[in-house]
Structure formats: C-alpha cells, structure tokens
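Naming follows writing order (A, B, C, D and E), and every chain is counted from residue 1.
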C-alpha cells in the first residue's frame, strides 16, 4: 500500500513535466525538418541560379546579311583551287556586305564600329560555305551570320544600352542594331556553335564539343582500365583470397585511395605519367589514367558489395556440383552481381566525369580549339572547360559557363538514372 | 483430475470479476493485412505473475506490446478493442502514452542496457520523468532499484562503468532495475531469460517472484517449466487466438483444450 | 534385448570389414582453435543410406563436408586424418578436388537452385564436366535425372522456367536431380528435408529410398524418425565425437551407449 | 608531334590564341596549343631544351635577357629569332565600380615597394591605405594584384616604374650595387601586393570581385573589358590606344615572340603560323589583333619585322 | 596501322590455337572424351594462351627497347662530325630524324645528314617491325605447336588456364598498392628536393608564404618565403566553416530521415539530398563565385560588415553544402545501425522520441558519427575546385571568416598550372604541400575508418 502512494506520485510527477517535454520534442522535430529544407533549398537555389543564368546561352543572335561572293575577292584567277579558296580574304566579303547594308558608314571609325557588330568569326562561316560549295562564287545570298557577342548580350539584356552603365555601343551602333532588329535581320537562333565547335576566344563561336569529346576519350580510357581492374580486384578479394596480411594491406590501400584528395592523383599523374613516362601533356589518355585511379576504389568497393550480396548458397551449390572456383564465379556469381557492379561502375564514371582537379595538374587546362581526334591529342574536358569559361572575363562566357554546367549535369543525370534503372530492374531478393 | 478442474473453473470465474489491474477486451491486432491477434479478452490481476505461452509466432509478444502501446511504434500495426489500466482506456486519445509507459514498464528478450554507465542506465527513467528532486534523491532511487533487482551487491563498486560490460544475466537484471526505477505499476517481460544461462535464469526467476509483491507482472516465455515455476496464471495462445487462460497449476495439470494439452506435452511447437 | 545387441555387434563387426565406399579414419577438424570433430572413424558402405544424427553443433555437417572437401572453402578450417573414396585418399595432393566433387554430389539443407531455368539447373553439372557430347545427349541426361528425382512429370512443360519458381519440395527434388545428373557415386545430404513440409518430406524420403539402389547416400538429419525411416546405418555424434555407429534398427532399439539412449529418447538435444 | 606548342607571356596570350585559332581554322594544320606561363616562365621552358617536347615559340612582353640567351645556348637552343609584334601599355586597373585613380609613378612605388625611405632610413612599407600615401587618393586599403616574377610585365613594371621612381628618393639614389637594386625593385610581401603567376584573367576576375583592388595588367585587357574595368592615369596620362602608340603613356613597351629555329621545318606549321601572325590581316592597323587590343607597330617597323620573319636571323641584344 | 594488323593476326592465331587445342583434346580424349581431365575447350584456351602470351610479352619488351637500340644504331652511323655534336644538338637532330623517318617525307629536311639518317632510321624501323612481327608470329606458332603437343588426357588444362586467370586477378589487386606507392614516391621525391633547398622547419612552422621567387639572377623577386602556416590556417578556417554548416544540417537531416520521416518522404528527400553529392565541385565553385559570394558581400554591406568577395565564409559555406549529403548519408547509416532494442528500451521507459534520440541513439552512434565527420573533414581539406575558384590567392594569417584566405590546394594548383620549373623551390613546394595534404588526409582516413569499423563491429 505504501507503494500505491508512490505509484500515483510517479504518474503525477510525469504529468507535471509532460508539456515541457513535448515542446522539446516538437522543437527537435522542427530542427530536423528545417535542416532538410535548408539543404534542399540550397540545391534548389543552385539549380535555379544555374538554369536561369544558362538557358539563354542556347540561343544566340545572328544577323542576316546579303553576301555577294565576289569572285575577284575569293578567286581572282578563277582556278577554284582549294588552297586559293582556303586562304581568301573572307573578312572582306563580310565587310562589303555590311557596307552594302549600311552605306552611311564611310569613315574609318564608322567602319570599325560597324565591323564590331558582327562576329570576328563570320568570315569562317563564309569560308566553310564556299569550300563546301564553290559554285556559290559569283552569287549573292542571304546568309545568317553570328553577331558579335556584345550584340548578343545587349539583346539578352545582360548589357546596358547606356554607355554610362557599362554599355559598349555608340549611338550610331545602337541605331544600326535597332534597324537590323526591326527589319527582322537580327534575331535569336539556336546556338549551334555551342554543340559543334571547340573552344574559342570569341564567345559567340565557343563550343563544348571539344570538351565533350575530350571527356569522352578520357572516360573511354578510364572505363577500359578501371572496369576490368576493379572487377578483377573485387573478385580476387571476395572470391579467391583468404583474409591475411596481404589482403588486409590491399584493403587498407583501397579504402584510403577512396578518400585521397583527387588533386593528389593529379600530382601523381604529373610526376609519373608526364615526367617519368613522358606521356604527352594535356592528353585525354593521361587524364583518363588519372581518372582511373580516382574511380578505381569506387568501382572496387561497389563490386565487392555486389559480390557479397550474392548469397553463399549459390556458391556452395556450384562447388558442390564440382565447379571450380573460377567456373563458380564466371557462371554464377559474376552474372548475378553484374547489375550491382555496373551500377557501381556507372557511379564511379559519373564521379570521374565531374572531376577536374587532377586534370588541371596534367595540363588539360590549355586553350585548345581543335576537337581532339584521338586520346593522344591535346584536349580539355567538360568540367575543365567550365572552369576555364568561369575564369574568362567576357560577359558572354557567364551564360555559357552555366550552359556548360547544364550540359554536364544532364550527362550526370543520364548516367545516374541509368544506374538507378539498372539497380531497380535487376534488383534481386533472395 | 476433474476436481482440480472444477476448482480451477471457480477460481477462474472469480478472477474474471476480481481486482484486475489490466483488462483486454476483444483485442485484435493487424500488421498491415496480417491478422496477428484475434479477439483476445484477458484480464491481469494486480500483484500476480501472468505468463503468456504458445508456439512461436502465436502473438504473445504482440499482445504484450499492446499493453504499453509499444505497437504504436510499428508501422502498419493496427489495434482494435479495449484495453484498460485501472479502468482507464489506454488507447484513449486523452491518455498520454509517455505517462502510460512510465506506469507500465517493460523488460525485453535481449538485455538492452544503454551504452552508458550502470548508474546512468538506472537513473535514465527517473531523470527524464523528473522523479528525483535532487541528486541525492536520484542516487537513492538508483541504489534502491539496484537492490530490489538483486544487483546492487555485485555492481556497487563500479556504478560508473558501462552497463554493457556486465554479463548477460547481470545486464538483464540491470534492465529490470532500470524498469523499476520509475516505479511502474505493471512490468511486462518478453522472454526475459531466453538469452540467459540456467544460473542467471534462476536468479531472474527468483527476482520476479520477489517483485510480485509490489508489481503486477506479465511475462512471455517459451519454456513451460518457467511458466509453471514463476506464474500464478497462464494464458495459452495459438495462431493469434487465446486458446486457454487460467490458473497455472490447472493449465499444466489439467488443460481444458486439446490444443493446450498437445502443446504442453510437447506434441507440437 | 541382449540378443539383438549381440547380433548388432556381429553385424557391426562385419560391416567394418565389408565393401566400404568411403572410409574415414581418425578424422579431426579444427575451425581455427575450435576442435569441431574429434578422431572420428567411420566407414560408409556402398548402396546404403547412412544417417548422421546428433544434437545441434555436434559436428554432423562438419563431417559431411569433409567427405567432399567442402571444408576447404571455410577459412581457418583444418582437417587431419585419412578419408578415402574407393581406397584413394581424397586429401591427396594429386587428387583434383573438382573431380572429387563430381564423384561425391551434395544436396543442401535449404533448397538452392540456381537462378536459371529448370533445364539449365540440371544441365549445369553435365556441362561443366563435359558429360554430354551433343545437345540431344544433354537433354536425355536432364530428363532422366528429373525422372529419377521424381520431378519430371511435374515440370516437363516448363523446363525453361526458372527453378526458383518451384515450391520448396520441388526445389529440393530439383537439387537432387541436379546432383544426380553428374552421375556421382556418393550423394551427401545435409538435412535435406528440414525446410520442407511433411508431404514434400515424404516424397523426398521415398526418393532417397529409390536412389539407394544406384548410389551411396549419407544423410544428416535432425529427425530421428527420419533416420529410422530412410537409413540402414546410423552414426550418432555428440560434441564432435562419434558416440555410436551401427545398424539403424539396433541404434534405435538397443543403443549401446547411455548418451545415445538419452538422445533418442529425447532426454536432451 | 604535328602540333605547334606555344608558351609564354600572358600579355601576348590573347593575341597568340587569336592567331592560333585563325591559323587552325584556315591553314589545314592543327591548331597550336598556347599556354600562358608568363614571359619568364615561357623563356625558361623554351630554353630548357631543343627536343621535340620543348615549345617551338615563346611569347614575351619584354625583351629576352642575355642571361636567358645564355641559358638557351647552354641547353642546345642556339638559334633563336625575335619578332616584335606590336606595342602594349601596362595598365593600373580597377573595377569600374571603384573610385578612379590618378597616380604618379612615385605613388605607385610607394604603394608596392617593400621598403620606403623615411627619415633617411629605409623602413618596411608603412602604407596601408592609398590615402596614407596622398590624402587626395581614396581611403581604400592597398590591395594590388600584380604579376609575379615569371611575367615580363613584372620586369617592365620594375624598369618603367620602380627603377624610375626610386631615383627620385635621395636616400635610394645614394645607394649603389645590390642594395640599391633591392631597394628599388623589391616588392612588398605583407599581403598588399598579391602576386599572380598564372594569367591576367585571374587578376581580372579578382578586380571585378573586389572593387577597391587594383590590378596591374596589360592594355588589351582594359581594351577588351572596358565595361568592367577602368585604367588609372599615370603621371597625368590616360592609358589609351593613341597615348600608348605614341609612347606618351609612360608605361609603354613592345611585345615579342621568339622562335626556336631548330624547330622550323621540323615541326609542321611553324613557318605558316609565323606568316599568319605577321600578315596585315592579323597585326595590321585594321587587323583582327588590333580589335583584340594590340597596338600595331608603325608601318615601317611592321614591314621590317615581316621581312625578318622570313629570314629568322638570330636575336642580338 | 601495321601494328594493329599484327595484333589482329595474333588474335586470329590464338583463335586457331584454341580450335587446334580443342580438336587435339577431343582426339586424344578417347571415346566421348571421357578420359580427359578437363573440358575440351580448356585445352583450347590452354593452347591459345601458349600462343598469345609469349608473343605479347615479346612485343611489349621489343617495343620498350626498340627506340634506344634504333637510336644507338642511327647515331653510330652518323658522320663523325655529326656524331661529335653536343648532346642537345644531337638530340634535336635525332628528333628531326625520327620526325622525318616517321613521315617519310624528306622535303623539309634540314640537311643531307638528316635525310640520310632519316632514311636509315626509316629502314631500320621497318626492319625492326618486320623482325618483331616475324619473331612474334613465329613464337605464337611455336607456342601453338608446343601447346598442342603438351596435350594429354591427364593434362590439367583447366587448372593451368585458371592459374593464369588467377595471376591476372592477383596482379589487378596490386594496382591499389602500386598507386599508393606511386603517390608516396612521386610526392616524396620532389619534396626531398624541396627540403634540400628549404628547411622543413621553415616550411612547416614559417608564418610567411611568398613563393614567387626571382627567376633570374638579375631579377629581384619576392623573398621566397615558404612558411606554410598561413595555408594550413586558411585550409582549416574554410574547413571549419564548412563543418559548421554541414555537421548540424547533415546530422539533423539524417536524424530526421532515420527516425521521423515517413518512408514516402524519405524515398523522395534522400535521393534529392544525394543529388547534392553528385554535383561536380567545379559547379559549386562557380556557384560560390557567382551567387554566394556576391550575395554575402551585399548582405554584409547592408548591415555594415565588409565581407571580401573571396571570403573564407562564402567558400566555406559552399563547401559545407557540398559536404552535407556526405555527413547525412554516413550518419544515416550509423544511426540506422543502432539496434532497435536500445530504442525500445528507452521508449519502454516512457522516453519521448527526441529524448530517445538525443540520449540513447546518438550517444550509441557517436563513434560512427565522429568517424563520418572525420572523413568529411578530410574531404574538405582536400577539396580543390571550390577553393581554387572561390578562395583567395594571398596568404593571410587570419581567423576572420570575412577575409580572404588561401588554402593548400589553391597553392598547389597556382604553382603547377602555367610555368613549371622543376629546379625551383617554387614548383617543388607544390609537391611538399601535396605530401602534407596526403599525409594529413591519410591519417584522418585511417583514424576515421578504424573508428567506423570498430563501431560497425560492435553492432553487427
């Protein structure tokens, strides 16, 4: 009975504090939600800022000019020789076409201002046209040519018309731009350079294709090396070796490599691949080698997890039938683990695609215009191109950087979606 | 032994109307689609040990966990029917589950001391419920709980060492001490000895017998011998149904149901 | 029944010198420091079913796995002593373990079909051992194995469906079919029925009885009834030692050892 | 190797890349790889060897030094020719959003020198804010992003500003030899002068980010980024095309590139690249380089240099 | 081109070897190949390996020796005056010779010597290739024949083939070790050269960092102070800010996900959080420069703080964002690994959820969480792109998060992008910094992995 008293006392004391405890509970719960909201809003802000800055880069101002392919400029002696056609002064054609459009530009300054409206690479477009179809010579055509990046930026509202606010155009130029605009000769069209050409000093001509191909070659090297090496290592550790000092050493190494800063792999690449083995600088081959080292631990660890997930009785069944270990692995374990291994590999590759620090170390930051034709040609990679463009002073590169990021993120999204799809599709419950 | 059987029926009849601490009426439990407990009605009398027995998966733990609403924590678990503690519906909206669990303590199958010192393990309940006014108060509660759990002598010199360092039997007694430190009215025990060796089991059984004086105890056990040894009343579950319920002696000597008989003679389970 | 006992001794004596397929002499197995099997000597006669019984952890599986060297796969496992198959030391360096396992097939406790079609499950062994010259050959082997395992009628229309889609009992028979498809001389079975329901168990037991004509069978079982039903000879293990070995009938009716008697009357284990 | 490798000056970098791009797109050769390493760094790489892996051309924003010619020769690079490609001015730039500066060379010296004569002694540079130097200057912290020692612009800065300015301090004028050299040419290291060793886009980036910061870079960057940065006047002269062309702006200097003659004819395209660079289309008064901010040399000099570019005589100091 | 043809031929030969081996095995295997030890195809692989491996080894060795031998012969055949040229010029000449020889176009040759030598070089190279092709093919064929002849019914072909595969597996697994050795050697070698010029004490404890030394003797550069303390301090400051952002947000998110969230919410929010981990760091760098830094600067200006555009704060915050998913997923793992029995114990005593979490779950999970945080710290210390793009260049020794600081990785990149002089302490110091970075992260990783592993073992 004594206890009976104490018991009700307990209930009372508990009651007395309940409200406070529930308030704490609520607050704690709120912190949790708030953290997730904060983290996700960071993500939202990041994506929003990049998409809002980058989407404009997919369109770009072009100018329609009626260009006379004057034979006396292109091919004075009419031989139609490739060399002659190739080295002709196409800039003159552009200039003449502009002059024809705006005959009022007479003095040198006016002509300079006029020329400044069109891309410095416009002549290359004409050259490409003529080289492709010499019969154009002598004709006059309406041609859409890229406008100067500054015109593009002005139209997108990234640049003020007001010279006091950083505007770069004179009143005369603004007049011309408006005239072109209102006559429908200046409009935004799909930015094909972004997806077909390499880097350029001219923002309006700068493209990602070189970087994409460079990334592709690097990745090719990475996949061909790290996939077999990673899977072989995982198989050895999981299926063949017994735990001993040697495998412990390997394991410690793998775990550490997984956490070594990637720039250290760059230093390794610089010292070993470039300085010792004398491989070419800036080459996707070397980049791929460095990225192999970056992604190898990921692949090994994922493959081991996938192999571990194959239930042991599959192994027992195979061995019990007289399969050798290798047969057991090749016929049963590996096929069952393959979806997991592939998923891990894709995730490792996604990591490699986004990696740039080691590439800086091995010279893949050079300004490279040509689209690489082999893994030995100098090249950049997508993330490095982003880095380069982010550091480029021209205003027009800001949106292009964002556009490049969008492209990179799309690649990564596709890769990760593939990985998720694989995992979902082949998910197995034993 | 038909006489004993009659005696049981009388006893049992009395029990049903006696001073019951906890009553369950038509309790059903569903885990998602699975109907795990089917229309169980049962009353548990104060200051007695009630044993729940039955083959694995028959719903003993499920029933036990209904009594202090631990089933609330399981996703998809749904409880219908009425369970009262001292006449109050414990599933009532106005009843606070934290308070309920302070009144109905629980000891689990596997000893689960917190990764804290022995002292803090026992002090945990009183602390969160604010049962001690001062640290001296708290110490008194801890010591007396350990004493009542028969553990004090063994650990008094190392109260600040981690509770996880004790042996299995000691850990289980620590968990019992932890449970009684909040002075609950009812203690639920889910196979408290199944992870223990025979000697530790004997100690815990002895303890249960002592605790009966002050607490109402419900114990789930797999061992019929244990049920026979420690409990006053026994409920036999099978496939989610309460097959038979009555005085322990009667259940073991003169079961009324074929199923019960089959189980206690070891023919299945 | 002293007479029976004497008869047994005679029988037993004869057995030791009879046509034994597999003999174990003074076999010890260690898992790291743990001495799991202690000086076991035993001979297994051709075209008989030998049952291994004993309480959990006594080393039955360990012994069984010595016979086809599946213990090689366990890290830290060490085997000493002599085991011969038709007189050849199976732990001899020159003996190819893969070939050994083709000669001594194994069926496991939990049915473990490969996640492949029924056909491929059975065909796997013949394929890796090159037992079939042509695909017609292979098909014949598969069909006859399934027939002998008593499964053919049930699955003949869905040979290309996954083996994992069968019921537990069917899966176990599939595993037996898979084992006999490589025409082993000995089949080891480790509690092949423990995951099956009574009807499936009966089928498998029946099958074992039939297989005995062509194969030598060693079976581990927890159920004494099963041992009594299917085996001709029984070995009783306890704590890693072979306590008693002899004709099944004798072991169950007239055990020579106290321990054996205790076990088969259910006093422990 | 079938691709030209160019290193060197970050001042010349925008021009070299423009030419390289044009060359790559029109000549049928691969586009040369241009790296911006600074004049000194470029010459170092250029002179490191004559083999295939060494660069073919290095750009320079100052003349090669005798010590560098010697280093080249020591490494087997005996035949090096020099082409003057045009002119440039060193610009003291600031973000457009910052307060404009009008500086004298003396003030620049005071802002960046390591030691300053005060009371007859050389003391560690005490100036923290521009207004400490001259109350007329803004009250901003002195933060100068300037070229590191691998840059020709640094050497030019030393020559054109610091060596000139330090003669105005009698305390330093009195010194001689190494101690004078150090007093004149050492740059402060207390964080106010940040050395940039990569390229000027870094400086440019920092300037736009930090409105009070000052950057030392070349005229073409001002020309191309007039919307973002402004140049300070030096000794009353503004950094404009015209002022630099006629050397009215005190910090004017010529720009060069150096060719490894051993590579001409060996590495495909070197000759053609030089021809492209020295064509009027490129470096002429209306050429595409002038649009990039290169200040064209006078016609006569261009003619002379173009002729030189065919012969490629060895450089003579 | 020719080379790939050779490889294809070798491959074809191996295929032929495979067929021969199989055929031979079937032939000697008796009726139904019953007598064979292994499957016939293993005899095929056996012969194919005999055919392929020696030939490939030969080619590898040949190709690595060929340039030196060819060079020796060509130089040996040069006229005496050319031979006595200084080595640099000789190498240039050889360079040209190789160039010309490979293209086969002598028009642009600098002289008769070069073109003759190039001609010779070309011939030699063709000869060498021919010889290599012939010998390797001969070896392949010989291997085939030998392999076939070795075939007997009792030949353990499968074991042999599997032995080769196993060697490949073991070799693969050593790549990780060689990578570590490679890292250590490459860093150590250059660092030692650096420490021969600059004392390690000055490097590790010096307070001034000003690595842009004079390039020429006639130049006055900066003093070349290589005291790395400001870099370490900057790295720590930024990492600290990152942790201040990431640890609470990551940990609380993980707790919410693991203990409170409805599975539906979890299945959406968790992958979304992990998206943060998948974004390349260069993107974060751009985000820091373009969005976060200006925002902070303006916000600071609005309340009267002057916040540098490259403030450690902006960089640290963005780095923290990057690290959030890292912390949250590691903590999530650890928290879900805490056995339910502990939670039940607390609930059974009448604890609320938050009390259970704070007083039972987190203390139990703490070692694992600490391990995870240590891993995250090591990640922050080694992170490069964000700081390269968003942190400062100048080495300020300050603890003020509003100022710009520089970090170890920023300096490594600045020192190694652009000019590299491997004889100047300036370039070499990057390797010393890399070594410090490697060692620090190594220690952190080893400690963290051990803590986490111990923890896992406790509850597994």
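By definition in this document, a contact is a pair of C-beta atoms (placed from the backbone, for glycine too) under 8 Å apart; a residue touches a chain by one contact, two chains touch by 3 or more.
Here the structure is a predicted model, which is why all the values come from computation and not from measurement.
Contacts with chain B and chain D are shared by A, E.
Put simply, the chain closest to the centre of the protein, by Cα centroids, is E.
Chain centres here are means of the Cα atoms, and by that rule the chain farthest away from chain B is D.
One finds 19 Å separating the Cα centroids of chain A and chain E.
Remark: chain B and chain E have CA centroids separated by 58 Å (rounded to whole angstrom). One simple way to say how far apart two chains are is to compare their mean CA positions; for chain A and chain D this gives 33 Å.
Separating the centre of chain C from that of chain E, both taken as means of CA atoms, is a distance of 51 Å. Looking at chain A, one finds that residues 14, 21, 324, 391 touch two or more other chains.
Counting only residues that touch two or more partner chains, chain D has 35-36, 202, 205. Of all residues in chain B, those touching 2 or more other chains are 98-99, 102, 128-129, 182, listed in ascending order.
Inter-chain contacts occur between A-B, A-C, A-D, A-E, B-E, C-E, D-E.
Chain A contributes residues 3, 6-7, 9-11, 13-18, 21 to its touches with chain B in the complex. Within the complex formed with chain A, the chain C residues making contact are 68, 70, 73, 75, 98-102, 105-106, 108, 110, 112-115, 124-125, 128-129, 175, 178-179, 182. Those residues of chain A that touch chain D in the complex are listed here as 86-87, 89, 91, 112, 115-116, 120, 124, 127, 159, 166-168, 198, 200-202, 278, 282, 363, 366-370, 377-378, 391-395. Within the complex formed with chain E, the residues of chain D that make contact are 1, 7, 35-38, 40-42, 44-45, 49-52, 65, 67-68, 75-78, 145, 148-150, 155, 158, 181-182, 184-187, 189, 191, 194-199, 202, 205-206, 209-210, 262, 265-267.
Within the complex formed with chain A, the residues of chain E that make contact are 158-159, 162, 165-166, 168-170, 172-177, 179-180, 182-183, 186-187, 189-190, 248-253, 255-257, 260, 269, 272-273, 275-276, 278-287, 289-291, 321, 324-325, 328, 350, 352-355, 357-358, 375, 378-379, 381-385, 388-389, 409, 412-413, 416-417, 422, 430-431, 434, 437-438, 441-442, 445-446, 448-449.
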